[in-house]
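Both complexes shown next keep chain A, but they swap its partner, so chain B is in the first and chain C is in the second.
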Partner chain A sequence: MLKLGVFELTDCGGCALNILFLYEKLFDVVKFYEIKEFHMASSFKEHDHLDVAIVTGTVSTQRDLELLKHARSHSNYLIALGTCATHGSVQGGVEGKIREKLEKVYGTKANPMKALDSKPITEYVAVDYALPGCPYDKDEIYQVLMNIANGVEPPKKDYPVCIECKLNEYECVLVKKGIPCLGPITLGGCNAICVKSGLGCIGCRGPLPKDANPAGEFEILKELGYDEEYIRKKFKTFARGELRW
Partner chain B sequence: MRYVKLPNENFDEFFNSLKNWGKVYAPVKQGNIYTFKNVEKLSEVSLNYTRTMLPPKKFFVKPRDEMLRLKDSRWEKCGEAEKTVLFGVHSCDIHGLQILDKVYLDEPADPYYKERRENSIIIGISCMPDEYCFCKSLGTDFAMSGFDLFLHELPDGWLVRVGSVRGHEISWANEELFEEVSEDDLKNFRAFEERRAKAFKKKLNKEGLADMLDLAYDSPVWKKYEKICLGCGNCNMVCPTCRCYEVCDKWINAYEAVRERRYDSCFMVSHGLVAGGHNFRPTRLDRFRHRYYCKNYFDPEAGFNCVGCGRCDEFCPAKIEHVKVLDEVREALE
Partner chain C sequence: MVSIEIEAFTRVEGNGGAEIVIENGHVKEAKVKIFEGPRFFELLTLGRHYYDVPDLEARICAICYLSHSVASVMGIERAFGVEVPEEIKLLRELALIGEFLESHALHLYLLVAPDLFGYADAIRMAHKHGEIVKEGITIKAFGNYIRETIGGREIHGINVKPGGFGRYPTVEELEKIEKNSEALLTFAKRSVGLFASQEFLGARAKYYVATDNYLYGNKLIASDGESFDYFEHIEERSLPYSFAKQSLYKGEVFMVGALPRLMLKGDMLTPIAKRLFEDHKEKLSRGYVSLNNLAQAIELVYTLERAKEIAGMLLDRGVKGENVPVEPREGEGIGYVEAPRGALIHHYRTDDKGRITYSNIITPTAFNHAMMELSLHEEARKRYGEMSESEFIQKMEEVARAFDPCISCSVHVVKL
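Up next is the complex of A and B:
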């Protein structure tokens, strides 16, 4: 039996909830894993050395940072789950220093919650596997956990959303409808679920890990008539400043 | 080759008779694209379609293809081939399938591809080129083999070329629907082909292409396009001759799994990665150039790995044009 812990930092809670949405497949998971900590599922908690730790959310407070360090130092294999943990997501996209932001919202620079600038966990600790998505596809975490349980290093995806979009034969919304779609520069794995509904990809899984071409995408969207500020904001939504050129 | 005529008034009945030979798939309009889909009625079919987004390759090498299934600690082969009739295949796509045949049917043959190919009937249909087509430059604008029947549009029906034994069987089974071909029909057939030949707007200069690419390995044109290309792989996904696939294992439950292959793209960073960590094509420039060499050059004896269907142009988000890139590479040399 492997020991598993799920740790939530600052996020909407969706990524932890998505694990529970595995429903009957959770029985497959508990055939291999003993759950030692999973706040959203159970109040049971046992401090122990973990084989696998799953961390969701951004580091946005001192408490988050301490919990993350605890998870890292007590686990062999750490999975950053969801775009908050891997890229910073929406919270990470807010610009400015934390004290200035506090003053703007609360009228005071006081920081009783010990808030930090929101950053993905990848900025603080080494991560064994990064699985982005806002939220990720629940089958992805299932495959990763089953692979680890069977002694297989889970394969890392390197293809953009376009690949799965074409495999499913969805009509290209960028080419055929002029809808701003970040699919060509966004990491796939979502099965192009937004394009399936006729929407453009909003880039929730972050940029391709290697060799994305945001400058090229920028030019394409500009030619379609979208203004530069709009495109810049679109690029920044989930990936902070990563889609820069 | 036997020629017969299918008058328009018998077309419906002929189409319905095809169901006796297998499940009929034909091009259907879906939004702004065409796709090969199972059809029941002739009225559903877009007879004058330009090109489907995914080529008919998808029936033989499926976009996602289950190969093996892990059950009771044993791998079982999956994938039953069903009897299939592909109706309305353009000549370029027939050539595309013949290029894939060389890859997948050469020994050792791919069992999945072979079984499906043997269980399918190909019925070609004539077409008019649009702004993306350049099959004429590659000689793939007319199919002499690779089909069972080929329908050529006439003002009052179809001139049908019979291209295989199975094609003969279908025409014999429907003998009462066909007529003898008249002199007028042949005249109309020739007139259509002449009109078609003149309608091509795009032309690929094939002359010395292999030598030209040999000299152009360091061409500045590749560097220019490296910046425009997104490396998204759409061109590979829609190409009728791209044959690379990736094999992945997927868990179904705690003790069962499937081994699945899916289309791969040479624009992915991992495509050129080999054991030991070396990557043959580490940059987008390498990968962009590689595609042009693969399509036009690797084995000039075996012919091109391109049939001029125009899909890569139509579905490129960056609007990169295959012929234009090669023309620019040529110009930069001169």
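Up next is the complex of A and C:
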């Protein structure tokens, strides 16, 4: 049996919850893994060296950082799960200094709870596998865990959402309807689920690491009549920092 | 002075804990500490175009993402003076029903039931009580089917839009919802019996607060007969030991959630749920917060009955699938929705281009923060010295769990 821990830093809870949404497949997972820590699902907790640690969320407090360091130093294989962990996601995209943000929200610059500027875990520790998605497709984490259990390094996806959109034969919302769609510059793996609803991809799996052409996308959206500020905000929603185009 | 630390609540969504302060052998204070980091959602939406805002707000919480996107859409539509037809209202209600089924089933069967049977979690409980766990998972999966069909995805779908939907459900999907909600009623009714047996825990709230309709509304109502906009009677304060703010109604501790909903709006229930409510009314009116679990079980019955009604109505009249045009304007609007764990508020101001200039979100867990402290305090007073520290902590966790807290939601209550 492999030992597994699920560690939740600051996030919406969705990436941990999505594991529970595996339903019957979760019972397959526990045939290979003994869950040593998963605070959303269990009161059971045992400090032990882990074969696999799953970490969700951003580092947004000193406590998050300590938990992350604990997970890293007590595991052989660490999975950054979800866009918060891999790219910073929505809270990572909020600009400004932490004390200024605290003042706007809580009315004081005091920081007794030791909040930090929200960053993805990849900025603090080395990760063995990064699976983005807000949330990721639950079958992906199932496959990754099964691959690891079978001693196979899980494959990494490297294609845009557009590929899955074409495979599903959905109508291109960007070209045909002029809806802003980030599919061409966003990492695939979601099966183009938002385009299935006739809506544009909002980029929740983060930018495609290579071969993408954000400058081209930027120009297309501008030609469609969207202003630069709108496009810039849209590009930056899930990924911290500037996209270079 | 000594403290008993509940380091981190388990089997709840998010990161929070509590400190029970003991002085001279007596429980002096209970503090609920939310250490989930701040997420600054109101800053995130500032200056954003209204059309993208519900998708961002959904990310506040995965368990109740549709409550957030529906509340957001309603706030935005009110700011623009947009009225949507009955069909869109019914589909939004159906979306909220899917969320209740998913969230209540998760909470009751996977998070609370292990307490009733004495297990650390539902997976360990499943060895002996597999049937119960399976029934819960089936209801939860059905709730998620509705969330995916109407919301666009199990978690963080973007199908709920100002003015309507990206995609409307097909006849087959509505038929499936109609059929399954009927079939699952047996399980839901059984859960009422199960959770009716739970012991009384926690405090009793002085006031209950809910929205004026069962799953959403135009105003808030309270148990003293008041009908009001939230800012008229609810005040917030920041705490030095928590990222969540605390709210008071007319200066007093109050509660939102399933129990307040039943006690304030029990006459709106569907037939079977109403009968079950009447059967347990005497017990529920005792008011202890652990009865929130029983109230959620009755709501499982209600939402299944109502899902069947709504799917039937939509099938009878046929889904037109037409969105209402949305014209941005300078305005202000509040969306009131019942999230599974209680009343939720999204309040916006917009400029003439439809960009957000002001945003205030108050979540049910923030509303319940003071009530949770009061409940932990009372329970701690009863239990301190009566049991081992580990049993004591377990009881405290059961009290917190009864609120079905959603901590991710609670860490960004703000006015800008």
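In the analysis below, the second predicted complex is superposed on the first by the 243 of 245 C-alpha atoms of A that agree within 3 Å, B and C clash if a C-alpha of one lies under 4 Å from a C-alpha of the other, contacts with A are read in each partner's own complex, and residues count from 1 in each chain.
In the analysis below, a contact is a pair of C-beta atoms (placed from the backbone, for glycine too) under 8 Å apart; a residue touches a chain by one contact, two chains touch by 3 or more.
In this text the structure is predicted, and so the values were computed from the model without any measurement.
Engineer: In the superposition on chain A, see if there is space for chain B and chain C together, and answer fit or clash.
Structural biologist: fit
Engineer: Can you pull out the angle centred on chain A between the C-alpha centres of chain B and chain C, to the nearest 10°?
Structural biologist: 110
Engineer: With the two structures laid over each other on chain A, which partner does A:163 touch: chain B (first), chain C (second), both, or neither?
Structural biologist: A:163: touches chain B, not chain C.
Engineer: Of chain B and chain C, which one touches more of chain A's residues?
Structural biologist: C
Engineer: Tell me the contact category for A:151 with respect to chain B and chain C: first, second, both or neither.
Structural biologist: neither
Engineer: I'd like to know which partner A:9 touches here: chain B for first, chain C for second, both or neither.
Structural biologist: second
Engineer: With both complexes overlaid on chain A, does A:225 touch chain B (first), chain C (second), both or neither?
Structural biologist: After superposing on A, A:225 lies clear of both chain B and chain C.
Engineer: Just to confirm the geometry: in the superposition, how small does the C-alpha gap between chain B and chain C get, in angstrom?
Structural biologist: Scanning every C-alpha pair, the shortest chain B to chain C distance is 13 Å.
Engineer: Mind sorting out which residues of chain A both chain B and chain C touch, each in its own complex?
Structural biologist: Common interface on chain A, chain B vs chain C: 27.
Engineer: Applying the document's contact rule, which stretches of chain A touch chain B when the two form their complex?
Structural biologist: Per the touch definition, chain A meets chain B at residues 25, 27-28, 31-32, 142-143, 146-147, 152, 155, 158-160, 162-163, 166-169, 171-172, 174-177, 183-185, 208, 210-213, 215-217, 219-220.
Engineer: Would you mind writing out the residues of chain C in touch with chain A in their complex?
Structural biologist: On the chain C side, the touching residues are 8-15, 35-44, 47-49, 52, 55-56, 59-63, 65, 106, 110, 114, 120-124, 126, 137, 140-141, 144, 152-159, 161, 165-167, 238, 240-243, 245, 394, 397, 406-408, 411-412, 414, 416.
Engineer: Quick one: which bits of chain B touch chain A in the complex? Just the residue numbers, please.
Structural biologist: It comes out as residues 30-33, 35, 53-54, 58, 63-64, 227-234, 237-238, 248-251, 253-254, 262-263, 265, 268-270, 283-284, 314-319.
Engineer: What residues on chain A touch chain C, complex-wise?
Structural biologist: The touching residues are 8-15, 17-18, 20-21, 23-24, 26-27, 30, 35, 38-45, 58, 60-61, 63-64, 89-91, 93-94, 96, 101-102, 104-108, 110, 112-113, 115-116, 118, 134-135, 138, 193-194, 196-199, 202, 204, 229-230, 233-234, 237.
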